[in-house]
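First the structure, in the form of structure tokens, and then the observations on it.
Letters A, B and C mark the chains as written, and numbering starts fresh at 1 in each.
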Amino acid sequence: MIVISADQLSKKFTVIRREKGLKGALSSLIHPEKITVNAVDNVSFKIEKGEIVGFIGPNGAGKSTTVKMMTGILHPTSGSVEINGLSPFKDRKKVVRELGVVFGQRTQLYWDLRLGESFELLKRIYQISDSMYKANMKQMDEVLGINEFIHIPVRQLSLGQRMRGELAAAMLHSPPVLFLDEPTIGLDVEGKHSIRKFIREINQRYGTTVILTTHDLDDVEQLCSRLIVINHGRIVEDGPLQDIAERMAPYRFLVLEIASPGIGIRHSLADTVRQNGNQVWLRFRKSEISASRLISDLCYSYPVLDLKIKEPDIEDMIRELYKLNDKTGSGVCN
Amino acid sequence: MDKLRYYLSVASYSMKLSMKKQLEYPMEIISCFAMIPMMYATGILLLYFLTQNLKSIGGWTFPQLAFLYGIGDLSHGIMVVFSVQNWFLDRYVNRGEFDRMLLRPLNVFFQFSVSYVNIIGIMDVLVGLSVFIYSCVLVKFSWTFSNIVRLVVIILGAALIRSSIFTIFCSVAFWTKRCSAVTALMNDMLERTTLYPMTIYPRLLQLMLTLIIPVAFISFFSSCCFLGIDSSFRLPADAAVMTPAIGIITFILAQAVFNWGLRNYESSGS
Amino acid sequence: MGAYLYLAKMKLMAFLTYRFEVITSLGTNLIILMASVFLWKTAYSGTDAISGVTESQMLTYTIISVLLSSFFSSNIEHSLQERIAQGNIALDFLKPINLIFAYLSEDIGISMSSVVSKLIPVLIISALFVQVPLPGSWLSFLVFLISSMLSYLILWLINALIAVLCFWTVQLGELKTVKDGIILLISGKIIPIWMFPKWMQKVLSFMPFQYVYQTPLSIYINRITRQEIAFSLFIQAIWVLFLSLALIMLWNKARKHVFIQGG
């Protein structure tokens, strides 16, 4: 069953170009120059019930704009979005009842008040019955452990606790569709783990469809069954995780610290890409050799003091991979 | 009926949270409470000094001017309690508060209206009330039942007119992202036009302040009605009918302008 | 000096960028002007002079008062409050410029932009629709300019003193409004102090407020004698000196406060 369908979705913004200098300030006072930016350009996709779809792409690629159009916050310039067959603009109230939304950078909680008070307001807004509310709160506590800080003012919560609170708030009315914009941004390993666990759990238990945007490669690998890659407002890739991840981020780096600087490090399945002093960078393909195998091989033959594995940066990879598209892409036009 | 109960339950809880939020910072409220009476004192003192030199302004004596000012003040105070968030509409736009409201299955204008109750404004109401009662003593107001009822609907209607004027003009923030200058403009305009009797202005201006921005209905016509002064306009009905009626009309208009702005917000993003 | 000039220029440009704001604040000034003009026209119907001042003198007083107030805009309260709230003020203290002068330069930049955006338009409109606000004499115009500069400093120093209180109480929105209210009432901005009861005039002569508006305006419309003019200028200068000292003292206290409290 198709939950979300976007058809040739486009969004143009008009921005005023500010000119430099005193003369420029005066002239834009009288005659401001306007330019049009294509933030999202002819984007089409369909999302099935129960999918976890990751939207990835560099900053300013159009991810957030696309999410905002799907949730009805932003109206498209052309094209259409439907959620369960309804348009979020024409039937906003009906559609948003079915949505839970978390913006990692913004809060929907009352900053100065206890977490529970924000939930109480949501209970009234979504007309959740007492028994339903109780049951949902119990579940939220099981997965997110929110009861331990429900009586604390939001401003005193740690970022991880606040994020758990945000998720609980978004899921309180049991929406079948959940949008998450950078849900793990700024969290520590443990915080990220509990958020991911929650997302998997609700997806499995209730078949919740999840759409998330992220910069975190681990989020993508651990959660998403499908990826949609956006660059310059266009979908450049849409498919199963494995295919894309393999192509996008085929390499990992192993950074070694060795006992003395003179040793030359070699391995048949990894390239030594950089060596300065005691530090050595090796590049390897996940598909050819596992990290643990490589580490044990190297530790066996060389005096390794310390090591760490580096993930490639998701944004760099996308930029690198789709550099060619830039020239034909839309970007800014006058 | 169920719908009304639903809206009331959301409104009351949302307002309660907003008040609780402010009570987290009690010092701020107390310091503001101390300042507000001084603000209102300046207005009435200006009128007093002026009439000491001029005897009357456009035929209005000090007690009559004080009555005019009293109605204006009290309605201002009520507006400040319930809809001061209009002044800060640009903050709602710039912080993306409307994004959040658009994600909730409720009318956005309703959510905006119940999102804030200004505790500090209670002091405005109290001071406004004292000024008003003082002026009532000066003009020897007759406290009959019907007069009290008329007063209450007039003052509520006047507060609604004030609040709607701010909604209409501050909605410009949906386009420009700023409304502090507009707020200042409207505050000055409302102060200047409710402090002195409308008749000091030229006929054309009076017409504009009656028909285009209905400031004259806030305090001028109702004062004329109570004090038996010729307003130089023939109202089709008593001020007790006209003021709330105009209040409701401007409120409907304000909602339309707000929704128009919101549509622009939805199409331009923030 | 270059740094301060640059700051002033940046502020001017930033202000001019917001076309809509420029037009609205012009509107505010026009409304205040029109309201006062009609008030005095009503007041003068039937009399030639009130407290020895003619209608035409009073209208000039009103127009120049609006022009002055449009020029006297200052932003120090707002910018200082913002810097403190965001915790940036400690960094500012480390910069190798005098912060007080930096804020003054910024405000002069804003005032300069007000000349273009408010003062000239208001002057043109009032000259067309009310009357050309001619000064009493050339000499009084010159002395008026000197007196206005002193007024600007007095007002700016008052604003700065209130702004510095921000270091101790972060919220000063209401304090600022009260100050604006006081200035409206007892500076002669709307109603000249000479219309106040005698005892109040006496009390107010010991406060700085009437030297902000009433003094330059009285000089402009030629209401006071040469001797009185000299005396008023002297008192204005005394106030500038006194308020500057107060600001420096309070500023140094604030500086210590920041380094002890860490912003």
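Everything below uses one rule, namely that a residue touches a chain if its C-beta (ideal position, glycine included) is under 8 Å from a C-beta of that chain, and two chains touch if they have at least 3 such contacts.
Keep in mind the model is a prediction, meaning the values are calculated, not measured.
Taking the mean of each chain's C-alpha atoms, the chain closest to the overall C-alpha centroid is B. The chain with its C-alpha centre at the largest distance from the centre of subunit C is A. Subunit A and subunit C have Cα centroids lying 51 Å from one another.
Subunit B and subunit C have CA centres that are 28 Å apart. Averaging C-alpha coordinates per chain places the centre of subunit A 45 Å away from that of subunit B. The part of subunit C that touches subunit B in the complex is made up of residues 18, 20-21, 24-25, 27-28, 31-32, 34-35, 38-39, 41-43, 50-51, 169, 171, 174-175, 177-178, 181-182, 184-185, 190-191, 195-197.
Across the complex, subunit A meets subunit B through its residues 11, 13-14, 65, 68, 71-75, 77, 89, 92-94, 96-97, 99, 101, 103, 106, 108, 110-113, 117-118, 120-121, 124-127, 153. Taken together, the subunit B residues at the contact with subunit A in this complex read 6, 9-10, 13-14, 17, 20-21, 24, 95-96, 99-100, 102-106, 263, 266-269. Residues 28, 31-32, 35-36, 38-39, 42, 45-46, 49-50, 52-54, 57-58, 120, 172, 176, 178, 180-182, 184-185, 188-189, 192-193, 196, 200-202, 205 of subunit B touch subunit C in their complex.
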